[in-house]
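What follows is chain A paired twice: with chain B in the first complex and chain C in the second.
Coming up: the complex of A and B.
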């Protein structure tokens, strides 16, 4: 057994899994508070990456300034999508809303193809050194940053939903819109905020992925890859999204290891998460962490 | 000044006393279903007002129309006006109304089941950003000592405790007028008594105005200063709590235990006194 490769893939799995978790959280956030399944989540991620890249390469901004600009841009973009595309659809059947987000995904893909072209572009080196050594293990700086940012985002999410006023309002809206309104929460504002947060965090994930690999439109596949993570965790659970993301990330890399070392079936990396998705849907249709309604006995 | 004018003119004082006034309100659901047809009533500041009626009379709709929560159910106020605290609020957004001190405790309590008790209470103070909630939480726990002892998710509370939590959460918003939709629903007689006791205390000790919608006419009229009875989307009878309790029609239809009559007599009585 190739221990070195195994450890490498394990670390990869955790880091990629955390990223999946973060994107899955964005997905869950929108679903939970607005009951919209956002099929354009992957495009949100790529858009964030492209915007940051253009700011660095074309505008010549330092990386941190470009990063902050990206966050602001994504926030505005999220609110715009909610107000222009989804607000008029409130109360329409779920299938119409799903079609709208699929349409948005196609539209954004075409737009990004048009603006930034079809090729993969690497970020210029933004870190002083390419890798740092932690306990004898060489870790790429971009990976480390990815891990740290993922953890920060998760901690912020936790704080937001536990302690902040708007976080509580968002949970109340997810529970029952009429109840939230009766408490003085403006549901329209909560919806816009959910999309804004989701877009910001997607943008962060996009930049990180761009740093780790390269920016290209095909990265949008993460929006589909995240599905198993979301379903594994249960559509309405933020913790589930993180656990689901980690599971899928690790699973992919372990499948890759098993495939490359022993099985030689090819492409298990891509397929394994979806096998798990099917199995989990058969055993627990509401996901591992999905909450069935509380029933008092 | 030569002429001593009375400090407040009668008409003005009446207007100041009135905290809520519905004038000929009509509510239509889904563009076709007429639920409120010319509903008019007033609630006075610092008083408990009861709104009684049978199932489907439009009591809950009235409260939702006042709080502005109709459009989530595809309903709208198509005619008439609702005045609160001197201002026309017929088309005001619901969050604005909560900020102005008008708070609805929804039927079935409307507590958020997958939040803890404290989170529910803090949510009640949503319209008061930056407020120090410690004092308010203490006050709620003083009124509802049971809630202090319970931990965990609100969904696991008993029905009575959930009702108390819902009322406590309303207090967190520091309201002027609380609308309560059937606080006695699904509670044992003993708990109903307790909840009504608390409602009366809130009214007396905090000076809260309360508009109470109830099916339990007996309890409601005992607690209320003034009562309205509604049928088919409008008020058919009103009077002070005591007067309504003595009223033969109310006894007959809502309180039970009216005079005994033969079946034939009851039928003719109903015919004569049909409030339509």
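Coming up: the complex of A and C.
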């Protein structure tokens, strides 16, 4: 057994898993508060990365200014999508909503391919030193930053929903829209805000992934990887999204390890999460932390 | 469903159950359909090669879309894996014909094998619905795609596999005109099968599962059985269409059967009209012709703004996404609904109701 590779993949799994967790959180946030399944989540991530990158490279802004611009841009974009595309579809059957976000994802993919091209582009070096040594293990600064940033985002999420007035309004809306409305919560605003927050956080995740590897349109695959993560964790649980993201990130890398060292089947990295997904759906469709869907007549 | 003004033609009183479930409501409707088929039969005599190849592809996609319509439109189950089943049919038929089975027999065999595969992947559907089912079928799309790349004995791996030319009693079906008749035959057979399915006990059970599955279960409809059956039926048509597609191109490779194809099938039935048999044909034609119309459009625009020229491939893809969104927001019942409205306003003229 190759210990060094194993540890390396374990660390990779945790870092990638945290990023999956952040994106899964965005997905769950939208699903929980607006009952919309966002198949374009991966495109949101990529859009954030591209906007930040072109601000840095084409406009020559310093990184922090570009980052703040990206957050503002993503917020406006999230609200725009909600108001233009999904507000007319409130109350439509789930297939219409799924197809609308799939249509959005196709549209965005083509548009981003057109504007930014098919090649991967690297961020100019943002951090001074390439890597630091922790306990004898070389870890790249960018990885460390992504881990820290993921943790900060998660803590902010926790604070927002637990203690802020808006977070309370959003939790109330998720619990029961009619009751929330009768208590003076503007459901329309909550919907718009859910999309705005989700788009902002997706944008942050996109920038982080861009820093860690490089920006390219193929990153949108993360929007597909989110599905196993949210199903494992439970579709309406934010804690579940983080746990699910970590699980899938670790699973991917462990599958890679087992495959590369012993099995030699190839491509297990890609497919293993989907086998797990089917198994979970068969035995516990509401996931580890989700609420079981009980129907009464 | 929104109110559709649907005036009965004069003399249609429906005095028996048989009349109520008739395939065509009036004799005129039956004759018009027959006329349409006869007109299609004459296309190879006067149509250009381009028209012929487009009609072949429309026919093939229409069969697959029809299958998805049984699953999504009639039974209310979403499938994001239809493109993979389509691909499985293409590989299966190529495999059978390479083992010496005549192509015309290999096609229905491929359809049956795809049915079996579809029913296996339909097993999760017995417990799931709505979003969860969509995600489960998404997983089946990726698992099947992985299988195509992995099972070299079956699919030729990354090289793809050759599909042989069909022949009937020594007559090689080796040009577009002959292949057109083969596709037309399968289109007519599939559309008859699905139209008839809607009139049977099983068809009504599927609709009941869609409309209210709890009530359906209480009335003695076996949910598990009908949900899996619906997956089987839809996969059968996907398999047949895939087989026709493979032998038309003469070469099958895994790259064509991605999630994008599955989404295009869904777009076809949404644009055509969910649950409508003739809507499948309209939707298939729409999705196939839209990129070509957009290409001409982009070409014209490029004359004015030269910078658009290199974006025409992206404009084509964007138009598909935009079409899905616009139809969902503006015309959720599809093209067939527009057609019914037009027919009704023609009949009721000059009164609006």
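Operating definition for what follows: the second predicted complex is superposed on the first by the 292 of 297 C-alpha atoms of A that agree within 3 Å, B and C clash if a C-alpha of one lies under 4 Å from a C-alpha of the other, contacts with A are read in each partner's own complex, and residues count from 1 in each chain.
One rule holds for everything that comes next: a residue touches a chain if its C-beta (ideal position, glycine included) is under 8 Å from a C-beta of that chain, and two chains touch if they have at least 3 such contacts.
Just so we're clear, the structure is a prediction, and the values are computed from it rather than from any experiment.
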item	value
When chain B and chain C are modelled together on chain A, clash or fit	fit
C-alpha centroid angle, chain C to chain B via chain A, nearest 10°	90
Contacts of A:168 with chain B and chain C, given as first, second, both or neither	first
Which superposed partner A:182 touches (first chain B, second chain C, both, neither)	first
Touching partner for A:61 - first (chain B), second (chain C), both, neither	neither
Which partner reaches more residues of chain A (counting touched residues only), chain B or chain C	C
Touched partner set for A:274, first chain B, second chain C, both or neither	second
Superposed arrangement (fit on chain A Cα atoms) - minimum chain B/chain C Cα distance in Å	12
Shared contact residues on chain A - chain B and chain C	none
Chain A contact footprint on chain B (complex, rising order)	67-69, 72-74, 93-95, 97-99, 103-104, 106, 110-115, 119, 122-124, 126-127, 129, 153, 155-156, 158, 169, 173
Chain B-touching residues of chain A, taken from the complex the two chains share	91, 165, 168-169, 171-172, 175-179, 181-186, 291, 293-294, 296
Contact footprint of chain A on chain C as seen in their complex	72, 76, 78, 123-124, 127-128, 130-132, 134-136, 138-140, 142-143, 146, 149-150, 214, 260, 263, 266-267, 270, 274, 311, 314-315, 317-318, 320-325, 328-329, 332
Parts of chain A lying in touch with chain C, wherever the complex brings them together	37, 85, 88-89, 92, 94-96, 98-100, 102-111, 113-114, 224, 227-228, 231, 235, 265-267, 270-271, 274-275, 277-278, 281-282, 285, 295, 297
